[in-house]
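Could you have a look at this structure, given as structure tokens, before my questions?
Here the chain labels run A, B and C in written order, and each chain numbers its own residues starting at 1.
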Amino acid sequence: MAKLLEVKDLKVSFHTYAGEVQSVRGVSFDLEKGETLAIVGESGCGKTITSKSIMRLIATPPGEIKKGSQIFFEGKDVLKMSDKELRDLRGEDISMIFQDPMTSLNPTMKIGNQIAESLIIHRGMNKKEALKEAVKMLKVVNIPNAEKRSKQYPHEFSGGMRQRAMIAIALACNPKILIADEPTTALDVTIQAQIMDLIKELQNKLDTAVILITHDLGVVASVASRIQVMYAGMIIERGTTEEIFYNPKHPYTWALLQSVPRLDTKHKNQLYSIKGTPPDLLKPPVGCPFASRCEYCMQICRDEMPEITKISDTHSVQCWLQHPLAPKVEVPQAIGGAK
Amino acid sequence: MVRYISKRLGYMVLTLWVIVTITFFLMNSMPGNPITSQVKQLPAQVKENLMAEYGLDKPVSERYVMYVKNLLKGNMGDSFVTPGISANKYIHDRFPNSARIGLQAVFVGLAIGLTLGIIAGFKRNTGVDYFVIFIAILGVSIPSFVVAALLQKGLGGKAGLPIAGWYSQGDGFLNTIKFTILPTMALSFSSIATYARYMKTSVLDVISQDYIITAQAKGVSKVSIAWKHIIRNAILPIVTILGPQIASIITGSFVIERIFAIPGLGNAMIDSISAKDYNMIMGFTIFYSFLYIVSLLVVDILYTLIDPRIRLSGSKK
Amino acid sequence: MAELSKEKFQIIGCDNFNADAIVRPNMTYWQDAWRRLKKNKVAIFSLILLSAIIIMCVIGPWIGKLISGVDYTHQNIAITNQKPNSQYIFGTDNLGRDMFGRLWIGGRVSIAIGICGTLIEVTIGTLYGGISGYFGGLVDDIMMRIVEVLNSIPYMIIVILFAVVFDNQGIGSLLLALCITGWTGMARLIRGQVMQLKESEYVLAAQALGSDPKRIITKHLIPNTIGIIIIYMTFDIPGFIFSEAFLSFIGLGIQPPDTSWGAMCSFGQSVIDFYPHELFFPALAISLTMLSFNLLGDGLRDALDPKLRQ
């Protein structure tokens, strides 16, 4: 049976006044039914572009999904779909929620109508039925006074409620995949937990697969079953949640884990931050993209792109430190290495 | 909401009062008071009547009070150049003609301008876009009287369109239309350009918003996105320029009526200026200001009604 | 795969030299703006056209004398209303004067009114808006109420009113009439900028770093507002030219023997059926000038507004 989603060697570039920016440089991954995959990385690493490409939401000028890229949903080639097939896919098979719920909702359309719109298009309901169903969806996402709220406008909702409304819109037609692009970044910390709990609860109820995109590893731990770490347009390490948290292999993953502020830090040190900035993807480096910021950088790292090393069936990493010729490096103390 | 309207009404009254006051004192306080000096040239009997009715031998402040009292009764006073004919009569007789052309110009401007703007916004950097840009630019660069003159020279007398003039009472409806076509075209030209420009900008602005991507992610069809999401949001800011547009229609009408010899209020205004009929100038000025302020109020209220963000918070951002 | 030698596997650590290297050429705000303006062929063309027109207004009458042999004030009843010919390349007007020379003299007046009017308006507006925005509170409230009232008065009507009052008293009073209420737009704009900057985060950051107010004003406030002022001015100038032309049309503008493009148009329109050239040239002159200012303004707006950056 075909996997739910297969992405093979996805390359996406943008043509700007300064030249071609290679935002995504060969990303491949799968998704099974009902599982939660987290894509983690800094701003600008290409994670949002990757997820938008799955539904072909990239504006194609100036963007371009390069030849050789392949995206299959239930065996069907998404990149070759016609406009109509694409519209059927979006909202019904795959849905997306975005980072800023205030700007992602139509300010002059009632919330109920925005949810109903999906239902009318994909389920063929008439307006009345769709609005009733919309109220039900608002209850599902735990918005009190759902009936009244469905007749209100986005600016009358609080930030957390707006994000719930977005989730309601996305899940209205019970899609097989929900892509959540930084769903909690724009919200208060207390609301963040609520929203993540909601997503988890709904995922279990509706058996939806979730691709969670975030730069915050703290959010990922309790929700995801698999994690992919992205940097400069590439996946540099992937594995199950346990493997990534307890046996991380890539220096960037170490750095990310160290950046999570912890209450039990023994040393009265500064908060850890990775020096430097990600490379400009206008002229991507030939070697490992993390080389210029890596404590363990070697000459080979700068010269050539690392090979992919399989550590287990589910865990692989792209780093020269895995090569037999490389020195053995200890996992940093702060994230569970030997004392 | 009610509070907002009453606040705006208050402003309206205040502004009107300011205009009346400025107008009155300007006209009356010039050295060698033109109002009274006009009267000096009239036959004795007429002079006496006017003096009595308008208290012309009394000081300015008293005259002011009388003038305002008269205004509140709706009486704008007589012409001192041709006494016996009041400003009210002019307005009553002529304004409907001006209004007809003005309203037609507003509608034509909106219909064509908005459509062009929408097309240009959607089909950016294509031939249509450049054409619309071209028209928009011409519209704001060529003065209205030049447009009118060109239209008159180019199309006047052809295709049954009269060069100038107006219809007589009792003419058939179709007959009356042909007299209004060229003037409406001339008057609406700059409106079309302005609306097209603003609408295009608004459409482009809305297209780049996040909620359009949300709509795409839902699988909404291009047509639906265009109508329910883009155009509905893009039109809102246009309401805010309706006000100033009305002002330009009003002033544009002076010139258009002149060129096309239309018996409208604008033409009467120009006549009063040439004849230095100060009382009439005052009356027309106040009337036009009143018209403008009322339009502004209506547009304001309209805007608060159609934008849910403002309607519900009850106040203007 | 090539043999990988052991040397290549020695840890050499971070190289922060290249880490912060910026690949794209670094540009200041003004450099970036100029780059974008240059790319805009239409705007550059307008700039050139405008410069040509202004130059002609300065030297035009002198050139006219060279071509036709007579001064632009010279009247010759024998050759009134002549079509353009080899001696009088724009024809003659109703008093037999050389239209070419006269056109450029009229241009001086029209453009001067445009520029002076704009400068006056910008000055008043900036001061008013700056004070209102800076002080805020009650001062701001009152000042803005006044602006709101002034805004509700139809501009042209007031201009006409004042023009009637100042009848025939020269260009100065004409300018005064034109500027009486027009500055409100600029005042609002400047006030908005000042208030925004007062509360903006980078002013806060600058203050937190110990920067003093004068520095804040010169380094932050002014560069941001100048762009907007320039754009506004570029659009305002054709507005003034148009208003003056309008006034001339209804008999309130420049009076003879002085002339402006508006006055020439007004007269030309009355004889359009017989001597179209008398409307054509001044109308073309006004249109091209207004056109160029508008196109240039558009180009400047695209160049100076970083939010439109593509």
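A few comments on the model shown:
Going forward, contacts are C-beta pairs under 8 Å (C-beta built on N, C-alpha and C of every residue); 3 or more make two chains touch, one makes a residue touch a chain.
Given the structure is predicted, the values throughout are model-derived calculations rather than measurements.
With centres taken as mean CA coordinates, the chain nearest to the overall protein centre is C. If you compare A-C with B-C, the chain pair joined by more contacting C-beta pairs is B-C. Averaged C-alpha coordinates give centres for chain A and chain B that are 54 Å from one another. Note: centroid distance chain A to chain C, computed from Cα atoms, is 49 Å. The mean-CA centres of chain B and chain C are about 25 angstrom from one another, to the nearest whole unit. Within the complex formed with chain B, the chain A residues making contact are 55, 57, 83, 86-92, 95-96, 98, 100, 103-109, 117-118, 121-122, 153, 155-156, 166, 169-170. Considering their complex, residues 4, 6-16, 18-20, 22-24, 310 of chain C touch chain A. Chain B meets chain C in the complex at residues 11-12, 14-15, 18-19, 22-23, 26-27, 30, 137-138, 140-143, 145-146, 149, 152-153, 247, 250-251, 254-255, 258-259, 270, 273-274, 276, 278, 281, 285, 288-289, 292-293, 296. Chain C meets chain B in the complex at residues 148-149, 152-158, 160-162, 164-165, 238, 242, 245-246, 249-252, 265-266, 269, 272-273, 276, 279, 283, 286-288, 290-291, 294-295.
If you check the complex, the residues on chain B that touch chain A are 209-211, 213-222, 224, 228-229, 232-233, 236, 307-309, 312-313.
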